[in-house]
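Going by the order they are written in, the chains are A, B, C and D; count residues from 1 in each one.
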Amino acid sequence: MKRPTARLLIWCPDARGIIATVTGFLAEHGANVLEADQHSDPDHGAFCMRAEFETDGLDLDRDAFPAAWGPVADRLNMDWRLAWATDRKRMALLVSRQDHCLHDLLLRQRCGEIDVDIPFVISNHDDLRRTVTGYGINFHHLPVTAATRADQERQLLDLLQRERIDVVVLARYMQVLSDAVVDRYPARIINIHHGFLPAFAGAKPYHQAYARGVKIVGATAHYVTAELDAGPIIAQQTTGINHRDTVDDLVRKGRDLERTVLAAAVRLHLDDKVLVHQNKTIVFD
Amino acid sequence: MKRPTARLLIWCPDARGIIATVTGFLAEHGANVLEADQHSDPDHGAFCMRAEFETDGLDLDRDAFPAAWGPVADRLNMDWRLAWATDRKRMALLVSRQDHCLHDLLLRQRCGEIDVDIPFVISNHDDLRRTVTGYGINFHHLPVTAATRADQERQLLDLLQRERIDVVVLARYMQVLSDAVVDRYPARIINIHHGFLPAFAGAKPYHQAYARGVKIVGATAHYVTAELDAGPIIAQQTTGINHRDTVDDLVRKGRDLERTVLAAAVRLHLDDKVLVHQNKTIVFD
Amino acid sequence: MKRPTARLLIWCPDARGIIATVTGFLAEHGANVLEADQHSDPDHGAFCMRAEFETDGLDLDRDAFPAAWGPVADRLNMDWRLAWATDRKRMALLVSRQDHCLHDLLLRQRCGEIDVDIPFVISNHDDLRRTVTGYGINFHHLPVTAATRADQERQLLDLLQRERIDVVVLARYMQVLSDAVVDRYPARIINIHHGFLPAFAGAKPYHQAYARGVKIVGATAHYVTAELDAGPIIAQQTTGINHRDTVDDLVRKGRDLERTVLAAAVRLHLDDKVLVHQNKTIVFD
Amino acid sequence: MKRPTARLLIWCPDARGIIATVTGFLAEHGANVLEADQHSDPDHGAFCMRAEFETDGLDLDRDAFPAAWGPVADRLNMDWRLAWATDRKRMALLVSRQDHCLHDLLLRQRCGEIDVDIPFVISNHDDLRRTVTGYGINFHHLPVTAATRADQERQLLDLLQRERIDVVVLARYMQVLSDAVVDRYPARIINIHHGFLPAFAGAKPYHQAYARGVKIVGATAHYVTAELDAGPIIAQQTTGINHRDTVDDLVRKGRDLERTVLAAAVRLHLDDKVLVHQNKTIVFD
């Protein structure tokens, strides 16, 4: 049986002794550090760290931790956040008509491979209603046109907030979200792009790949930012193809990539293993 | 001991009975077909085929073959070429300062892994002279500046023609060849690009990859065409990276990809396994 | 829209002109050959071939084909079989308690990625009844103990025969089938082994892999033969692991491999792309 | 320009506060920790750690470090070792007749990819003398028969000791070393096995793989122990094959794997990134 843990994520200017300071603080307060991973980024003179520790012996509770840790962090000019692993995250899925990533995530959740609550699935089409409700999950149909986008996104944001959603996953949601949504969930909306970014951004990446005659196709999971398909990349995967593969074959092979890559990215995010800085990710894997 | 073979490559409008016609012709003339691979391209209504056959029992010699086969091919509107495997191809290597692909190809040739004559290596720098001559291969230093490009390429073409070069390999040759060279060797100049095309075309692909924060880098071997890094792709390979990898690490990991991918492409070309059509390759692998 | 095809699979002593004979016969009878792939096995002086052809223009029906083709095949000492792609195959799934391969195959069937009828799923446990019936597929619970094995397998064989099953897939069925079953379905029972055979045959392969400290784990899809985990291998896949991975992590990573490899093997089998000879497979991919 | 570093490797019973103790000690003595990686092994209740730190500001020299650190380490029941990165390691290569791994390592050393001194190469054959001396490296021919093994290994050990060799690499050395040699260099002799261990241990692994009909082959770099091909695995890699691949093709494809895997293992060892415990490796990569 796993004991409860918390994860401390840190970003600060590089300096001597930070690991000692962090692990020393935790040791002093009775926390058993299970993993401490860190990275120095010479480009920005930055240091970042992720420490996961058991909270059983910790002499600080949720209120006391910031009070005790804050002054230390301030002294080192740290950005930091603390995630209690016992606070199960709440995830919303957005889909359109394709269901392979949807099934994949729901099945992984059901077998315990990803540890998260999924209160609902939203779609701009009604096609997957029965699929979703068959898993015992609520389904919201929010159709959208160019004219109704602002309104639809308001409904979307309402749902996300009402259900206290922590992370939004675009599991092949074929709509571009406006800044109104993106800005509310920085580094908390994960998209799966069915191409090997930065190649083949935008629409119909498998058709683009076929036209160019590449010998490898890929899929990319990334955080959504204002610029389409240009957000920080969390995970990528590729597979070989050849001249016999039609666009349909690329789509089929791509589905397997998309499922695996998206699931990997979601898992990393839920485990608080991803830090974003300057449009790149540090993945403490 | 391998017996002598020849390879017939065909491109024609799709129609019924082509395989039967080709293999029937070969059987009739005493050739034992070892491999016959074909591909129908629905986009262009085209059919292409590669047949490798033992020439021991063949009742046609080099002169007689076109005379006998030509009329059949004409009837089916075929483009075709015949390559006798006993005609060892002649390959020129062009390099600049980096030697990893150079060593790799020369060592593979020496151990018999690629079956080719390499009469000389050309470089725009003199650095690798001793490396090349150490393998018992001639080295030509052809320096180049913007002002002398036309002249340098004339010398280059002279060397290629005098030594009856069949295929030119740019083994990290850091110069762009002008159309004067490219047009003389269509689908016969192979370049290794140290990026996963079409992403990161042009200069410094590893720096581009680092800046974008991708999680996978690649290398691409392709035929050189007039447009930079846009020719038909022969082979690609990728490898995973993470946030700890500096540009130097990408360069190092990339070297291994470049060597493997370039060697694979060269091998396929020498075995007459690559057909080019509409800026894409059919690789009969 | 795809036009109806048939697939001719051939195994015979190597000789000159076989491809010409086969494709000539097909052309003569009006069949348009889409793909013709062949392989010469020097170890056994054998030749094998797979030809897929459109049956639209074929002037032979199901009865006439063997009558016309038989004498030609006999002359060349051929083993052969003809599969009409329009005869949708019938597949039975056997499972125990784990459901990841089950979901995977049923979802792939539902989206048309594998083209097959699945009349029922059999399990030695009752756990997955609702999962299976939720897909609208019949579920048979056939519990088994050492004492009841013979009887259980009789029921199993009854079901397979009554429903005219062509291929049986052990989608993580944790029982060894006796020769009584195996002998009835030679090269028609596909198992997924959660290890990289021949390493880690038998029980608990992930535990074995963990104990040995390997850096890569794999999964293997193979035809079932009398000897446990020793049948002809159809497909294998591997993934990297490291010292941080617990047995649970191997199990999790392995699930993804198992699904992909089993689906690939099933697909190849359904497309009549696998020939078995001397306990090895020729996969015309 | 990289600044000088040292690497502290630790193995001890798991307990709270070890990371804080280690990094605190280093911070206290002015060392800037660049990387600190650790692993808890629940099977053995063990904790291990690797810390790399800059020695510029360190107030302890080679003699003072153990004196200061020893008591802390003793208190925590630690096994530990300290490696100064400025102490360039000395590596001996043992080869037989095949030269691909030899060239690969020597070229990587020459271009600075692996940072090590290679005072000599030893072979039981004389074939590669000119190859080795061409790199400006000494070559020792130590022929061996069953009758002369003890004597040959004495000469071998003499050479290793006289040149203060730190690590021995069997770069396709086709002889089994006796315990007399193995016991002297625990976790310091690296072998490349041309098979995916534990499958295909012993002689002719590619022939074994071919006979079994696997669809993937691999190569394994491991530390040599008394039991043949059973030592702790450092790195493994695999590549796909198919029924067309002859044993010669496996050998050819395998060469690429062997080079890459061996180079990776050597690099990890030289960077003091490998810990051995209970016949498994922890690779701090």
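As a convention for this text, a residue touches a chain if its C-beta (ideal position, glycine included) is under 8 Å from a C-beta of that chain, and two chains touch if they have at least 3 such contacts.
Note that the structure is predicted; figures quoted are calculated from it, not measured.
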{"item": "Selected pair, greater C-beta contact count between A-B and A-C", "value": "A-B"}
{"item": "Of all other chains, the one whose Cα centre sits farthest from chain D", "value": "C"}
{"item": "Rounded Å distance between chain A and chain C, as computed from the means of their C-alpha atoms", "value": "37"}
{"item": "Geometric centre distance via CA averages, chain B-chain A, whole Å", "value": "42"}
{"item": "Residues of chain C that touch chain D when the two form their complex", "value": "39, 42, 196-200, 212-216, 218, 232-238, 242-244, 246, 279-283, 285"}
{"item": "List of chain B residues in touch with chain D within their complex", "value": "99-100, 103, 107, 111, 113, 134, 252, 255-256, 260"}
{"item": "Chain D residues touching chain A - in the complex, by the definition given at the top", "value": "16-17, 19-21, 23-24, 26-28, 30, 32-38, 40, 57"}
